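Shared between the two complexes below is subunit A, which has subunit B as its partner in the first and subunit C in the second.
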Partner chain A sequence: MTTTTVAARRAGWAFVAPALTLMVLILLLPIAGAALLSFTDYSLGGSAPAWVGLENYEKILTQSRYRAMLEATLTYVLTVTPLSIGLGLGAALLIHSLRWGGAFYKTVFFLPAMATLMAMSIVWSFALHPTLGVVNATLGSFCGTGWLHQWGWFDAACRNGFPLWLGDRSYAIWTVCFVGVWQGFGFNMVLYLAGLTSVPRELYNAAEMDGARTAWDRFRLVTWPMLGPTTVFVVTITLIRSFQVFDIVEGFYEQGAGPSRSAYVILFAMYEKGIRENLIGIGAAIAMIFLACVVITSLVQQRILEKKAHYA
Partner chain B sequence: MKRFLAAAVMLAAGLSVDARAQDKTVVEFAYTYSYLFDVTFQRILPKFHAAHPDIEIRMRAAYKDYEDGTNTILREAVSGNLPDVSVQGLNRQAILVEKGIARSLEPFIAKEPDFARDGYHKAMLDLGTSGGAVYGLPFAVSLPVGYYNMDLMAKVGITAPAQLPKTWDEVVGLCGKLQAAGIKTPMFWTWNITGNWFLQALMWTQGEPLMKNGKFNLASDAGLTALETMKKLFRGCAMPNYSLADAQKSYSAGQIAMYFTSTSELGAVERSKGNWTLVTHEFPGLEASGPKGLPAGGNAAMLVTASKDPKKVAAAWTWLKYITSGEGAADVARTTGYMPPNKAANELILADFYKQNPNKETAVRQLPLLREWQPYPGANGLAVTQVIYDGIETIVTGRANDMPALRAELQDEVSALLAK
Partner chain C sequence: MIAHRFSVAETLKHAVLMVGALIVALPFYVMLSTSLKSPGEIERNEGGFFGAQAVMTDEYCVKRNEPERAAIEAARRAQPGLDETAVRTALLATVRENCATRPAIFNYVSAFSEAPLLLYLLNGIIVTASIFLLQVIVALPAAYALAKLKFWGRDLVFGLVLFCLLIPVHAIALPLYIALAKLGLTNSYAALVIPWTISVFGIFLMRQFFMTVPDDLIDAARMDGMGEFSIVWKVMLPTAIPALLAFAIFSVVSHWNDYFWPRVVVTGDRSLFTPPLGLHEFRGGGGDGSLYGPMMASATVIVAPLVVAFLLAQRRFIEGITLSGMK
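This part shows the complex of A and B:
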């Protein structure tokens, strides 16, 4: 080994050292700390922490309240991710095809994404108030419209009152999902719009010459493949953001997490255990599971989608 | 430049002279629920500073709720920046005593020649007493009361407070009549105040504590009666699963006829209610004679200073005493729905005030019933509260119908958490 390569190597390490130190200090060390804590029963109010091994993880996998947590988290992720991507793409395609007025729709759809979700969930809980909220008041004003009463659900609601969107366990998680989609799809729309502008016009002309006559053919053969890299990014980001949902549940519910814990999403569980109830050990275990979920999704994403994505 | 320096030096000198002239003892203070108590302290502070010009009270950011207060203090104890006086939830004092953060108030009380110890209700002092020593003096105290919309009650022939229900059975009966009169939500019962306060209310109503000799006492007959009473109320009144905020909005808007909650909400309801007549009345019981006891809600001031400076500690005690007795305590009643914890303040300073505000007097009439809001000992105390909350919620949502089974389930789960 010559001296120059050694020096070059040293220089290389010197250059990455600041970034490396920071990463270890503010990322890896805290994660290692949380991982250690997750094997203890440490609590702020309790006695000295004791090593409990895998007990915290065992609890998460066996107790019913954590089954509710996994159920709510998966329901939310699996509903919100496809819907907000689909709606985002649809809105982007529609806006892209407009000759004028695009900026207006862009702003309108993007507004929810710019607002703070915590504040928005408070506004929504006003709107969804069972008797005074604008949602049920609007629905109620259609009572008496003949043809709508053929819809059984509506007819029953007119007689017995419209649902408690947040207080009824058959609606709660879906209401949370709805607000999640409402808030998230504008962001995906902007990403897709950016992706659409980079699709070259000539490809459409060439496809048309080759016999792609319908709009669906053009979408299937040109637009969708060309949006591949954008889709990889959008799917990853949306999945991770869905796992991260917290503020809607915290804003909607003063205590608990929806009727019968039906909206007990993972980050809320972590907050409830670790911060509210002071049970740092189990909170750290939930944090570790959350981390694992996020890391696994992004790795799988990269593997599967990068292979298929077509980088022009 | 020279001139600027000279000015700066003079200014600095002036400031330091000024500081020496005032030389105040600073007491750091934190309290809970700023939206309720900001107005109270805005009234107390000028009076206190006028009476004690040598003490400066420095307010810290208020805690969001009692749980946040406990957590904040525990964290501050670890990081070494405790305030000097802190207002904590009545049922959250024990943990601060256990951890050695709160200081015993006995030495200070002993030095007070005219400390009106009998001015405090015994049950209130008991809440802050541990091992025979007083650690916290109650600051603002609440009790559950009944709120009635008299405009709606008139539809079923109730026009005077004396006709209002005395038992839960009467409440259920009235619910049926109110529904027949077209009122969809005749009653709301705030079971969801921390999830366990109203359960303790139904236990104390029968003269039974929820925690007996360190054990969870739901397995008793009284426990079953409490759960069955809830079921009867929720089913008989078709009570929806409203959040506290939603229920308060509906009640203020005049959609709910009978509303059972803490007297502390009175201020907020009076400010936001529509154009209808509000009357508060005694909390119903199981028998016509009313409840045998009711749990106190509210908070207490604790001395948590880590300072060794006797002057500072004395100043902290002066402030603590001021807000919990006499004129300082009377301001609690004037600005909120809470009651001052002190007989003297209630009976002497506020006699006229209650005549003018009869709705605020209901809770004062119930004071002889005041019992302890019991804490759940150990690190899992907050988790126990959540288990009870979840359990009662299953009655509200209609998922639980078999009360003996629910009782057994809750007893097991809570006992398991307490054992640790």
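This part shows the complex of A and C:
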């Protein structure tokens, strides 16, 4: 037809060409590269790499160091995901039902999502410091409060000292989880608040007419089902972000990943093996496992959303 | 208006939320408060929020200005009656006097003098700004083409964009690192910026936005004799400002705060450290109370810009950060 459409067609390719080139060079080829590397014993500046087949993956499944990695990662993901979603939803419901002051809490709870996580992890490690830290000092000041001593853990801590949150292997990963929840739940709260404002008022009236008397009934029959799509999304994004935990461990520990590798999370393992120790083959295998976790999470989300869309 | 009547439920909700807010705000309080206190107050865990702000001696300053040989000799000639030790002591006393300072000032001055914090901040600005600029230069034309131009293979390209949305950057860090190392680019601004120049998320986001722009606007521009290139930058860009602003916030916040990628590609050259890397290095000093004050001051300086910007423009920030929600 006219020259403009020809020009537009030519422009189309010209405009996507830079993006397409970068996409292939920076995203797609490296994926293929990582997959290939994971079957080799490649190291930077080393001798010619040899094909080792599944050896790297076998190591990950059998060696105790990687057992620690899987354990720490799963502990973190399975703790932080439900807690930060539960707290995010709880905070959103409370704030949404407030008559005044909701904006203040919303601001405060969202602050950690903005702040540099590396900086805040270092601050937390200072706040949790056994002698200088404000946390143990505050806990200690409650010693002698009678009813708290009913709590066995607290009673024992008052007599033997409060735990080394970062240095004790039975607490380390949980402390990392705590900071993860601290950082992440405000983000989920904001998403849930957006979901809550889109629930039509009339539904509550209708539910009440149908005999939903208590707040729990209203939540169970109206709010929760209406938040379904939000929840699917929140769960996915929280899972993916949890697999990516790295800064907290680096901020907490100078070297290594906590006492007896108790906070040896997957990205830290990948960084330690692939970059620091230049064992790129094994690092790449860890990266592929990480990638699989993230991609599977995303695909499951899409499947659920598609199914939902069918009867919605 | 009805006055807020007292209600048990309402009060209980506020109580629960207030406890939560206190815990969430705790590290910010600790960071700010520690950045104001003297080493002694930090070590003894006292002094409330501001500390006493009693005059203290800046030991770094004393060390830097220790009386030199020549100065001692000169002073001995001026006051022949004294021996060397006495002169030294007297001179040192003057230095100490000149190095007297308030804890808050000491912490913030040391934050900038004991580590090149200013340089780190500058690096952070250079890196985040270049990343955002390049992302826009690459993504905007592509988004426009995918939304408004009909050309063979468009659906395929868009499908590829959607596929790439699934890829987490951490998974490709090692191959990218090897490629950059082979090109001799590790420890350079290029290494910090290049991997982020392509934002498939940005392309996706801007494409969705451009879909809502009426075709008439573009046709009118073509009638006026505008080429496709000027349409992108003179017609589409201005209409996209709100979406672009949200994307800017998303991009700047994630790259200012990013620690993982700089850690991978900057392996020793301190002059390339971004703020989070610099802070991690600072932490390496370890231990005593004289270090925590300056360290918390650095942390405050690094965290403050985004937090202040967030407090000033909350709605925009929340919109921008939760953008990743659309992924």
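Here is the rule we use: the second predicted complex is superposed on the first by the 280 of 312 C-alpha atoms of A that agree within 3 Å, B and C clash if a C-alpha of one lies under 4 Å from a C-alpha of the other, contacts with A are read in each partner's own complex, and residues count from 1 in each chain.
Everything that follows uses one rule, which is that a residue touches a chain if its C-beta (ideal position, glycine included) is under 8 Å from a C-beta of that chain, and two chains touch if they have at least 3 such contacts.
Since the structure is predicted, the reported quantities are computational estimates derived from the model, not experimental observations.
Judged by the touch definition given at the top, the superposed model places A:Leu94 against subunit C, while subunit B stays out of reach.
Contacts of A:Leu132 after superposition: both subunit B and subunit C are touched. Comparing subunit B with subunit C, more residues of subunit A are touched by C. Shared-chain residue A:Val300: touches no atom of subunit B or subunit C.
Once the two complexes are overlaid on the shared chain, A:Gly186 sits against subunit C while remaining clear of subunit B. Contact with both subunit B and subunit C is seen for A:Glu254 once the two complexes are overlaid on the shared chain. Looking at the shared chain after the overlay, A:Gly33 reaches subunit C, while subunit B stays out of its contact range. In the superposition on chain A, A:Leu54 makes contact with neither subunit B nor subunit C. Of the two partner chains, subunit C is the only one touched by A:Trp13; subunit B is not. By the touch criterion defined above, A:Phe109 lies against subunit C but remains apart from subunit B after alignment on the C-alpha atoms of chain A. Subunit A residues in contact with subunit B (one complex) as well as with subunit C (other complex) are 44, 132, 254, 275. Against subunit A, the residues of subunit B that register as touching in their complex are 67, 70-71, 74-75, 78, 95, 98-99, 184-185, 192, 194-195, 240-246, 249-250, 253, 255, 378-383, 386, 389-390, 393-394, 397, 399, 420. Of all the residues in subunit C, the ones that touch subunit A in their complex are 4, 10, 13-14, 16-17, 20-21, 23-28, 30-31, 34, 42-43, 45, 138-139, 141-142, 144-146, 149-154, 157, 160-161, 164, 166-168, 170-179, 181, 194-195, 197-198, 200, 203, 222, 227-229, 232, 253, 256-257, 259-260, 263-264, 275-276, 279-280, 283-284, 286, 289, 292, 295-296, 299, 302-303, 306-307, 310-311, 314, 317-318, 321-322, 324-325, 327. Subunit A makes touch with subunit B in their complex at residues 41, 43-47, 65, 125, 129-132, 161, 164, 166-169, 253-256, 259-261, 272-273, 275-279. Listing the residues of subunit A that touch subunit C in their complex gives 4-5, 7-16, 18-20, 22-23, 26-31, 33-34, 37, 42, 44, 87, 91, 94-95, 97-101, 104-105, 107-120, 122-124, 126-127, 132, 134, 137, 182, 186-187, 190-191, 194, 233, 237, 240, 243-244, 246-247, 250-251, 254, 267, 270-271, 274-275, 280, 283-284, 287-288, 290-291, 294-295, 298.
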